[in-house]
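Going in written order, the chains are labelled A, B and C, and every chain counts its residues from 1.
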Amino acid sequence: MRITIDEAGIVDLASKEASWEEVLEYVIHEEGMDPWDIDVVKLADAFRTYVERLGTLDFKVPARLIIIAAALLHLKAEVLILEEEQKAAAAAQAGPPIDLSKIPELQVPVKRAPTRRVTLDELVGALEKAFRTQERRAGRIDRARERVEEVVGTEEQFDVMKKIDELFVRINDVVERLHSGTMPFSSLVPRWERKEIVQSLLGILHISNDGRVELQQEEPFKEIYVKIVEGNAREEKKSEEEHIDENEFVDVPDETPPQRKEEKPK
Amino acid sequence: MEVQKRALLEAALFQANKPLTLEEIAQVVALPQDEIERSLDELAAELRAEHRGVEILEVEGKYEMRVKPAHVQKVAHLTPHADLSRGLLKVLSMIVYKQPITQSDIVKTIGNRAYDYVKELTDRGLVRAEKHGRTKRLELTEQFMTYFGIRSRNDLIEMFRKQEADEAQAAPPTPSTDEKINGEDGVREVS
Amino acid sequence: MEVQKRALLEAALFQANKPLTLEEIAQVVALPQDEIERSLDELAAELRAEHRGVEILEVEGKYEMRVKPAHVQKVAHLTPHADLSRGLLKVLSMIVYKQPITQSDIVKTIGNRAYDYVKELTDRGLVRAEKHGRTKRLELTEQFMTYFGIRSRNDLIEMFRKQEADEAQAAPPTPSTDEKINGEDGVREVS
């Protein structure tokens, strides 16, 4: 089909009271013109010539022509966008996978690590803490001393040596009664009262410290077992009381059976 | 702005270990935010003078005083180095350069370690991961911009270009650049 | 000093997180040390202006840029890292409280760590140690006063007494004071 219409012809058509859709339909379908080939610039020029020739102006004609030009521009723009998208899609599909091996490496940003001064408040806070610790420590010692004195009496009132002697008498009593070198600490305390318990414990700790008894406690706050260390039972105590007798026996070995001693007074 | 407040503004920017919002500055300086903004502009202008070594950087509405980029390399050794491992940096640079990129792209290049790296980067808020089909699409966050002290990804690409050009010209890259990075891989890569 | 080197001097002092020796600065700025000393004096003089928030501090031949004592309190919350550890602060407060005190007194209270702490405090010029029999007698220095921006130890004791009086009236002390300090002991002490 031979195209017979040009831009000036379109202006003619538009001036003959056809709507803009009709004009385009005629140009494309009847004249077989590709809208892509309509030159919008030429169209504008043709319209100017038309207006000059006419002398007067019917506003419907320019309105129609502007719509026609706009519609053409829109169509052309859409075609262009579509083409671009298709190209991009093709490139994305066909192109090689992203090559990440040759990417330059980022540099770590250089960061500051600002430090600050200790504030006066913080120093005063630390001071306060130091003061409290000191106070607490002093307080603790005072309170402990008070409590000990409350229970065991002041140093002058409580004679630990006397207590040790007393305890030894008791230990030996128990050994004699039970025929055993081990006994519960509770059996050594005359009355189960705070003061007696603490004083006895102090005494037994002294004795244990001298190595004359061994103390055993399986669990905290449970019974303490007192075991006489070999050679520290009544014999040793006796050694002071019956010193002379014992020496006699040593001097007269073998023939002198121990029971002689008991028979003697008879 | 009265002298005392001006001094406080400088003290705050100097002392902070992270970029400060206008609110944070306002709390210290006790002034309305618009006045602070004006003072920040003034200060920034002063710092532009050539004899000054620091500048004010604004990223995403947060302000930071930092050494001017021109001097950074010369003073970087005076500060303990940053806390991004070599592996993390590598993944980050891939995202910078090729954004938007998917997690599977990165896995293809560096293997399964990529999953851990991506997770750490998203945990640290430097990267945003969004579902994208069966994988995730990765993008840089504002926090990334703040951390690296840049305004846009293009700043970085520019830096890359410049760096490449420098390296092409000069001798092989100085080792100090690499050593500053904490390699979690243990071995230094030969480039 | 040419403008570029002046900028570098500022950048170095800004960036460093510890006091710098003249040698260290000279390496960055590439100038003879006497010239650097002169420039440091100039810079320090500039910073003395009231509208500036930082200052240059010289301690035992090392230079440091610091927030001025008058502003420390207001900006301290912007970074968590104090330049004195908790242990150092403890020893320091013992000296404030009991001055003159001997090193062995401190050892008795906190154990052998005391030797290191006392050494660091004397290195930093906050404490003076003088031989005293087999041990050392410890005293606060002028530098200590400068650091805290006070005129005398009495100022401090006064503050302390005042706070105590306040607290005796009011609620128990807030724990925040302790938490701001970097505990090198790792554990917070229970008080």
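Keep this in mind: contacts are C-beta pairs under 8 Å (C-beta built on N, C-alpha and C of every residue); 3 or more make two chains touch, one makes a residue touch a chain.
This one's a predicted model, so the numbers in the text were calculated from it and none came from an experiment.
Of all chains shown, the one whose average CA position lies nearest the global CA mean is A. For chain B, the chain with the farthest CA centroid is C. Taking each chain's centre as the mean of its C-alpha atoms, chain A lies 30 Å from chain C. Centres computed as Cα averages put chain B at a distance of 30 Å from chain C. Counting only residues that touch two or more partner chains, chain C has 14-15, 17, 67, 75-76, 78-79, 81. Shown for chain A are the residues that touch two or more other chains, namely 110, 112-114, 116. Of all residues in chain A, those touching chain C in their complex are 110, 112-134.
Within the complex formed with chain A, the chain C residues making contact are 14-15, 17, 66-67, 69, 72-73, 75-76, 78-79, 81-84, 89-90, 92-94, 96-97, 147-150, 156, 159-160, 163-164, 173, 177-178, 180-181, 189, 191.
Chain A meets chain B in the complex at residues 97-98, 100-101, 103-114, 116.
Chain C contributes residues 3-4, 6-12, 14-17, 20, 24, 28, 50-54, 65, 67-68, 71, 74-76, 78-81 to its touches with chain B in the complex.
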